[in-house]
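Please go over the structures that come below.
Two complexes follow with chain A in common, the first pairing it with chain B and the second with chain C.
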Partner chain A sequence: MVIVGIIMAIIFFVMSMYSLRHYIFYWNRLFGNQKGSIQDLAGYYLPSVTVILPMKNEEAVAATILERLTVMDYPKDNGHFEVIAINDNSTDKTGEIINSYASSHSYINAIHRDKGGRGKGDALKAGTELAKNDIILVFDADYQPTKACVKRLVAPFCDPEIGLVMGRVVPINTTQSLMTRLLDLERSGGYQVDQQARFNLNLIPQYGGTVGGIKRSVLKRIGGWNTIMLAEDTDVTIRTYLNGWKIAYVNIAECYEESVVNWKERRHQLTRWAVGHNQCLLNHSGAIVRNPILTVTQKIDGLLLMGVYIVPVLMLAGLVLSIITYFFGSYWWWLLFSALLFTVAYNNVGNFAAFNEIGISVMLDKRGRIIWLLPWSLFNFFANIWLCTGAFLRSLVIHSQDVTMQAVGVEKTGVRWAKTDKRGHSKSRGRRVK
Partner chain B sequence: MEPVVTHMVIGLFFSFIMAIFLVFNAEWIWGIQKEVVQALLTFANVEFQIEKLPFNDLRNGIPAFYKPGGDVFNVPIKYMSLSPVLAILSIAVLSLFGFFSYRLKSVPLPFKVLILFLLTLVISTILYTTFVSPIPPHAIGRLAIDWQFSGIIIWLLLVVIFTFSIFPVKGPLWVKFMWLGLALSYSFIWNSVRLSVVLGSLYYLGSSVFLLTHYLTGIYIDFIYIVGFYSLALAHLARIETSEVGW
Partner chain C sequence: MLNYLLLLLAFFMMALLVFVPGFIELRRPKDPGPIDIDMDRDIDERYFSKAYKKYLKASMHKTSADQLSTDGGSTIISGESFNDVVLSMHRGPEVVKMSDGDVHLSSGTDFNQPIVVAGEMTIDDECTLLGEINVDKDLKTGFDNRLIAAHAGNIFLGSDNSVSGWVDAERLLSIEEGCEIEGRATAGERIMINGNGLFKALAAPQISIGVDEGEFSNRLDFSETLWSTDLDRIIIENFDEKPLSDIGRMLEQSTGKIVAYNDVLLRANALGLSKDPLIALEKKQRPSYFESNKMWLQCGETFRVKGNVKIPADERLAGNMIIEGDLKASAGVYFEGSIHVGGSATFGSGTVVEGSLVCQGELLIGNNCYIEECVYSSNDIKIKAGTSVGKDSLGGVAGEKKVMMERFTTVQGKIYGEDGIEIRSTV
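After this line comes the complex of A and B, so read on.
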């Protein structure tokens, strides 16, 4: 029982750290100083920019994102604005759609890949090599940037310390199902409170792999896109900070996305994110702790950011231990532990954005009734426990395979496209793109 | 000072008052709740006795081991113990049910996880009552339910949650207190119903369901209504804020 007690204490400590972090973010968004003055330059600082669109079998959405880019409020003459649309060995009509846009718009370049590595990281690598401009923005095919998105995203790059920028992702098909409504809440908390607070507090805002950008010179210095990580975005976030650059989060650079609509898609998406984060945790933790550039709070935030998908695993371990202590421990020990566990867990409910963060984000967005759906997040929470535990075990297997391959001198191969199927019906239900 | 900070200070003060109130009046609150539980049990034709034991209140601190105190409900319990063969058979059937529920595409993933979680509890109970002891842990020879099961401690948790989550949000103080009051009232009613269900199910269904009725309907379900009241309070405050902005 002593070992059980020690494990329970560790679980409680880690979960308390996350709860405290959520409260600090929530507090900062309510009462702290908000960074955003750099956005005064949006529309005045207009550097040359390359937009990379990696696509694989995206015929349902390809035309929409390309159309959005053609109406983007940004000077497009003399190579100032370049779009590299990459058709990564698609088997549908994605290539044809890209070609038709490339033939009618001089700044859109169609790239058709049928050789080389197969994954988003590989596609980005190919696009970056062809990019003519130093600032590279990345959008996924199912995203719909607002007209001002690009000029708002590039504004922070006037600061030489900024290596990466990240905009805000807003679900567009919010009314499609309960799942999309709950993901809307999650996204709201994650961006409006979590990302903005991390930016305000000089911590580590996360680059999400889309609706963001990086300087090509910075990318070169940090070793380029990692083609063997499932979460190449988190990986590049951490490597940017480890090398001394910062990330700017731009809350008003909104871009609409088509959320997953059912549990099957959600399972794939969440598993991919969880495995990717766990890979980063296993690969970068030591470097973060030893890094002389990062502050102590940045180190803690970096570790918590990478370990966020471990929380549901700890919850499961806590539940199992609470059953053991119920049967074999003293009553008060069990009761106290269960109460503490659930008090902390309660603060972490809501798909990793604490319920407080979600609530406040909805307030800040001037929305109201959608908060009524918050109790439904408990169901997501149960699913997260299951999915994240599976992802955790898979990460351990992948890591041990990597270690073995490294030991025998075999080179690791890249990951394949791990994408979510898109239907392209985001136009008809939910929000209207500005 | 910002009005919202003032509200939070008021909330903190209220939490402190509430803590003092609960420490010194747990027996009195339990007295009222006991009457409600008593009425519900009588309505459900459950046999019970109320035994008067020395009250071990919060002023003596939290004891290391559970010790009933004050007015204690005693319910005759059928201690059901399955034969090892029947227990293994039941576990096999439940495991198959769990397996097929998990494989069935029409069941949403959260429900699958919830079913697996409930099955784990049921199977643990069967294993324990068959191979360790027919008497569930912490239920002692007779089942004693006293104020320590009454959910009074959840009141303190509710006040603390509202203090840090609702009171700092922009909006009128009366709305915050109104929702806190409603949450506390609901908590009182819910906990009375919960205790009655625990005692009633033990009386009618036996000890095997103890884990499900006590463990699950205790701490776990409390959080659902707490999140519910939090959401309603925040939605109300958001509506007021939005209408003011619109004006």
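After this line comes the complex of A and C, so read on.
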């Protein structure tokens, strides 16, 4: 019973930390000082920029993102603005679309990869090698940036302490299914509250791998894009902070994305994110704790950020242990565990951006009846318990394999493209953000 | 048993109740679309003026030509006539005072309506105009007028004018002593501020504060060290043995003038003694003022320095600097990159920064400094006379608190202070 008690205490402690973190974040967004990420000077700091677009079988969306970049409000002469569109061994018409844009716009370069590693990290690596400018922005193929997005994203780079920037992702295909509507809510909470609060509180805003950018010199220093990790974005985030730079989150640099539409695609996506985060947790935890540059709060936030996909696993473990105590322990132990477990569970549900965060984000975005769907996120949460538990076990296997391979001196191979099929979705109707 | 079943049923009903609103929204969606983002809106400080003009143009387009040219209900002011025309503006139907020619408003005139003038407009003293003014040619105002908002080709605001909204000129906006503009003051080419004043945001390719640049013209005279065989010998013989400050003193004795340590590092690099001057700085060739600080190279161009730093006059520093504490740079220091200061920062006269300057604490920039890119502070910013910020119509000064500037300063781009911009005789 003592061992069970210790395990339960750890679970309660970790989950309480997440609860506290959620409360601090939404409190900050409601009443705290909001940092503007030097957006007052957006449009007045215009360094040379390279935009990398990694694409694999993206014929449904390739033209849209390339079109958005051609109308981008940014000086495009003299190599000031460069687009590197990478066709990564596509079997559809992606290559042809890229070629047609490259032939009509001098600043768009078409790169066709048919050898080398396969994965977004490898494509980014190839693009970075060819990039002429120090600031590199990355957009996924299904993204639709606003006209001012690049100007807003580059503004924080006038601060030499900023190594990475991240903009806001907004789902566009919300009308497609219940899943897209729930993801719309989740994204809202994650960006409008979570990311902005982390930036306000000088914690660790997360680079999401798209709608963001990095200085090439910083990327070189931190060891480049990691082609092994499943979550190369979280990995870059942590390595950036470990090396002394910071990430600026720019809430106003908005970009539409096409989110996954069904549970099958969601399962793939979430498993990849969960395994990737767990990989980061296993690889970088020690470095974060020992790092002399990070503050104590940044260290705690970094660990919580990487461990976010373990929360459902802890919840499941707590439930299982409660059942065990019910059958084998005393009544009072069971009562205590159950009460505590449901208290922390109540404070944590909501698919990693707790309910209150989502609620606040919907309020800040001045949206309407979509909030009525908030309780339906509970189904996502229960699904996450199973998916994340599976992902947790898988990441333990991957990590043990990595350790073994390292011990015998075998080089690790890269990951494959883990992508979802895009349908090409344009804006329908919506509500204005003030 | 029945009691338990009823209790269970009640529990499930309550649990399901929470999903009912969501079910209604799914069946009859009223908010199904994504967050609406204006995809084509760009960053334009003159947005308010342009939007107003757009509304005005659209409204005039909708109104018939007969209505626009009618003299019915006209108001005669100093021999010029306005037609009172009802236009459907963004606030709803509104009486607008329109004139095809030039207009001269005599002192003490009060109007509540928007004014549209096709020619020039001159406003004498102590007028109160509580509608937006749109003038195709020049707008000139006298002393102590109160305006809401104004747009014209060129705008010349007389002394002690106050504007509670925006002011925008297609070309030149000239502002005299004692003016206060609570909204944005923008111009397509240049803003000239000829005296003290209070503002919120100023934006133009060139913003000049004060016109008399005689005394405070920028003095960016940084003499390069002329290397000779004797000076080279001092470096060759001592570079691996002695700290940079000792080598600097030896060179100073030979030349009779201060030699910046960065010049020594660059020369050592040219002589093949150091592969990378910045790495030499990180490892051992550290000037005396950095000796008590922990410092390291974050990447090939950026240094991080822990603690407070005090840099003596006429030094030259390579690369970007991240200083975690306070920074005090004496006169004539030359930074060959951008600077981030975690605490407060003071820059002596004649400082040059070949990049941006970002500061978490209070920031004081001395006389005749030159900052090539942007200046940003989370606290107050004070800029003394003769300083210039920005290059090629890009750059800017922005502060999360107050921006205080002396006269005879120039900024290319934008000036913004969350708590306002104050132009003073002395900061």
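Heads up, the rule we're going with is that the second predicted complex is superposed on the first by the 422 of 434 C-alpha atoms of A that agree within 3 Å, B and C clash if a C-alpha of one lies under 4 Å from a C-alpha of the other, contacts with A are read in each partner's own complex, and residues count from 1 in each chain.
Operating definition for what follows: contacts are C-beta pairs under 8 Å (C-beta built on N, C-alpha and C of every residue); 3 or more make two chains touch, one makes a residue touch a chain.
Everything numeric in this text was worked out from a predicted model, so none of it was measured.
Student: Superpose on chain A as described above, then tell me if chain B and chain C fit or clash.
Tutor: Aligned on chain A, chain C clashes with chain B.
Student: Touching A:Phe327 in the superposition: chain B (first), chain C (second), both, neither?
Tutor: first
Student: Between chain B (first) and chain C (second), which does A:Trp372 come into contact with in this model arrangement: first, second, both, or neither?
Tutor: A:Trp372 contacts both chain B and chain C.
Student: For A:Pro171, select first, second, both or neither according to whether it touches chain B, chain C, the two together, or no partner.
Tutor: second
Student: Identify the partner contact of A:Asn356: answer first if only chain B is touched, second if only chain C is, both if each is, neither if none is.
Tutor: first
Student: Mind working out whether A:Trp263 is in touch with chain B, chain C, both or neither, as first, second, both or neither?
Tutor: Only chain B; A:Trp263 stays clear of chain C.
Student: Have a look at where A:Val14 lands relative to chain B and chain C in the superposition and call it first, second, both or neither.
Tutor: The answer is neither, since A:Val14 touches no partner chain.
Student: Look at A:Leu242 in the shared chain and tell me whether it touches chain B only, chain C only, both, or neither; answer first, second, both or neither.
Tutor: Touch status of A:Leu242: no partner.
Student: Mind working out whether A:Leu30 is in touch with chain B, chain C, both or neither, as first, second, both or neither?
Tutor: First partner only.
Student: In this superposed model, does chain C or chain B come into contact with more residues of chain A?
Tutor: Touched residues of chain A are more numerous for C.
Student: Considering each complex separately, which residues of chain A are in contact with chain B in the first and with chain C in the second?
Tutor: Common to the two interfaces on chain A: residues 367-369, 372-375.
Student: Per the contact definition, I'd like the list of chain B residues that touch chain A in the complex.
Tutor: Where chain B meets chain A, its residues are 2, 4-5, 62-66, 108-114, 116-117, 120-121, 124, 128, 132, 137-138, 153, 157, 164-165, 168-170, 211, 215, 219-220, 223-224, 226-228, 230-232, 234-235, 237-239, 241-242, 245.
Student: Would you pull the chain A residues touching chain B in the complex into a rising list?
Tutor: Going through chain A, the ones touching chain B are 23, 27, 30-31, 263, 266-267, 319, 323, 326-328, 330-332, 334, 336, 338-339, 342-343, 346, 349, 355-356, 359-360, 362-363, 366-369, 371-375, 377-380, 382-383, 385-387.
Student: Which bits of chain C are touching chain A when the two form their complex?
Tutor: 18-19, 21-22, 24-26, 29-45, 298-302, 304, 320-322, 337-340, 355-356, 358, 373-374, 376, 390, 394-396, 398, 400, 413-414, 416
Student: Which residues of chain A touch chain C once you look at their complex with the stated criterion?
Tutor: Within the complex, chain A contacts chain C at residues 36, 38, 40-46, 68, 71, 73, 144, 146-148, 151-152, 158-161, 170-175, 178, 181, 184, 188, 217-218, 220-221, 243-245, 254, 256, 293, 365, 367-370, 372-376, 427-433.
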